[in-house]
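Both of the next two complexes hold subunit A, though its partner changes from subunit B to subunit C.
Up next, the complex of A and B:
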């Protein structure tokens, strides 16, 4: 049964975009927490801690996101959890985002001049106070633009969750296409919706980057 | 209360294969003002940076205000609270106002209240003659003003010893004096000071002792008159000839 591509189909696809946003938000928040831990571990004095964090980053940057999704999806069953596409996608994307944000933020932390750390130590500030009040606020300014840039990658990356059967934007498109068989129209709509989500963020990232560059040269 | 502010015995420091400090012995009495000079790479900055353990040492002992400096433990934190440091490149926190720069450490490490920290900060900003800059950010100030803020920031911790690591080397010539005047003012007040500097006028004016270092060794130390008027060591004679 092939039917026409109608307004209700567009509505179906558009409403599935909320799952893309929810999945992106979970992965980004989880990745922010994990990424901060990894960035701090990578810049810490402990050799073991640094190595473990570096290994984590290498594994997740060196394997395809799709494989990570498969491994977590089928891994849930291995550890006795129910197979749940949302849970699997959220966990895999959180690991993925942790690795990338960890690496971005490590670079930002290391870009803060060492004199800032030395001055903090000379003032007897503890590690926590030094990070919280001196180093991280400065690193954050450097990291904002690349972080927003990564968020765009992450939103697009959630489309892979369709392959493990999670109904977000891309999978909604596949479902409609199976019923209407208008692939160009359907996936054109899907792509347009991704663009509407990502484009403002790309613009924001570019503007933040320009502001950053002005601040540095001033 | 011990007699000596700082006692260093047989201190050795290596950077990889480079022997930066070689069996350094140094005693600084309370209230003494010491100027350290020497060619670049002679270990003078390294020497004062070992006193608050910005540079850990490989062997020897350092006692600051009766507290032995050892890796780990609470001793390092205690010594850092009582030893202020001023850097060549100021190292002010650029995202905080001048006032916030001065208030952060006392509030976090001395646990004073915000009101108390602010009062102290304003008092010392007044002392370094820039009370009107309190609400500005470091980037809005001249180099000389920034360095005076850095001095005020260190003083807000009420240190017993002040370390100066080439405090005027990064300044434009016309700003050197305002910083030196602040340091002279501090010296008159009886602060124990160790200054790495090439400002020989400053050394003549305030130093009790001038130390010359070369290749990680204290080669000569003497009162300023003798040090400049009658240098014994050949390398010191050459050095004084070069900077005169």
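Up next, the complex of A and C:
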């Protein structure tokens, strides 16, 4: 039975957007913790630690997110866990976000002038104090703009969770399309909703970047 | 305990290798055509025609702020509703070209703007011909500036192209999906696919780094 595309369908799609947001939030929080670890390992003194972190970044930036999703999804069965699309998507996107945020934040940490680190060492601050009170606060200011930019990439990335069967914005669109067969309207609506989520973030990232550039050149 | 079974993968390795070849071909075709779109977009954006600039802005922003998956669904399933039907392979190529064209437009515009006016004037003052100025003062330094962004964009495009498997266009991910439907050795198949994509990405970034060393060591030699 093919029915009409109605206001309730738009409502269904729009309310599925909350799962896109929830998934993005989980991946971003997980990725922030993982990314901080990666960034600190990447800039640490230990050669092995630095190499492991670099390898992690290279693997996750050098393979498709879709393959990462499939691997985690089917990998759950390998380690004996029940197959669960939300869990698989959350884990895969967390790894993905950890690698990208780790790389962004590594750059920010390295951009803090080395004199700052040397000064903290001369003041005999411990590693934790040096990072917490001297290096990271300055790195954070540099990292804000690219981090917001990555958030856009992450929200778009959550659409791939639909392929392993998690019902977020894109999958809700597919479901409605199968019932109404109005692909032009349905996917147009889905695209518009993603645009509404992502565009403000893109504008914010650009504004922050411009402000940062002015601050640096001044 | 899970029993790994790589046999179906290795028995069908030729299919996967052919899939990898298709992925490389699709990505190269999309990059070349996408660059053509990007150059037109960048020239249009730096032109004085306001409606054209506005149109290009809309194109770039819409593509950059929506997922590729939705773009390909819209092109493959949505466009036939207004009379534009394409085969999966054509739709995949078109979607990738449109996608990379938007990112490329921004990269190339930045490249054009990275050449200060004064350098062109300096070239003229040195008595270079317009062709020489274009070649040595504009194109080469601009290319050198945008080369890293363009090459990483290509690798990103190649990884993104795995998404075209959702409309059953022919590529590496599709070859894997076909094999999975026949043998159900899912984890093993996707593990090998992931490794293959990684090797492709690694191979191309090594190639690009070599090209960069040969052609863009500057200003040592011309």
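The criterion applied here is as follows: the second predicted complex is superposed on the first by the 218 of 218 C-alpha atoms of A that agree within 3 Å, B and C clash if a C-alpha of one lies under 4 Å from a C-alpha of the other, contacts with A are read in each partner's own complex, and residues count from 1 in each chain.
Here, contacts are C-beta pairs under 8 Å (C-beta built on N, C-alpha and C of every residue); 3 or more make two chains touch, one makes a residue touch a chain.
The model shown is predicted, which means the values in this text are computed figures rather than measured ones.
Partners subunit B and subunit C, once the complexes are superposed on subunit A, both fit on it without clashing. Once the two complexes are overlaid on the shared chain, A:115 sits against subunit B while remaining clear of subunit C.
Using the contact criterion defined above for the overlaid structures, shared-chain residue A:62 touches subunit C, although it does not reach subunit B.
In the superposition on chain A, A:90 makes contact with neither subunit B nor subunit C. With both structures placed on the common chain, the touch criterion links A:145 to neither subunit B nor subunit C. Figure note: vertex subunit A, arms to subunit B and subunit C, all at CA centres after fitting on chain A; angle 100 degrees, rounded to a multiple of 10.
Which of subunit B and subunit C touches more residues of subunit A is settled by the count: it is C.
When the two structures are aligned on the shared chain, A:177 is found in touch with subunit C, with no touch to subunit B. The least CA distance from subunit B to subunit C in the superposed model is 25 Å. Taken together, the two complexes place no residue of subunit A in contact with both subunit B and subunit C. Residues 113, 115-116, 118-119, 121-126, 129, 133-134, 137-138, 141, 218 of subunit A are the ones touching subunit B in the complex. Across the complex, subunit B meets subunit A through its residues 52, 54, 77, 80-81, 83-85, 87, 89, 91-95, 104-105, 108-109, 139, 153-154, 157. Residues 59, 62-68, 70-71, 74-75, 77-80, 152, 156-157, 159-160, 162-163, 170, 173-174, 177, 182-184, 186-188, 190-191, 194-195, 198-199, 202 of subunit A touch subunit C in their complex. Across the interface of their complex, subunit A is touched by residues 2, 61-62, 64-71, 73-74, 77-82, 155, 159-160, 162-163, 165-166, 173, 186-187, 190-191, 193-194, 197-198, 201-202, 205 of subunit C.
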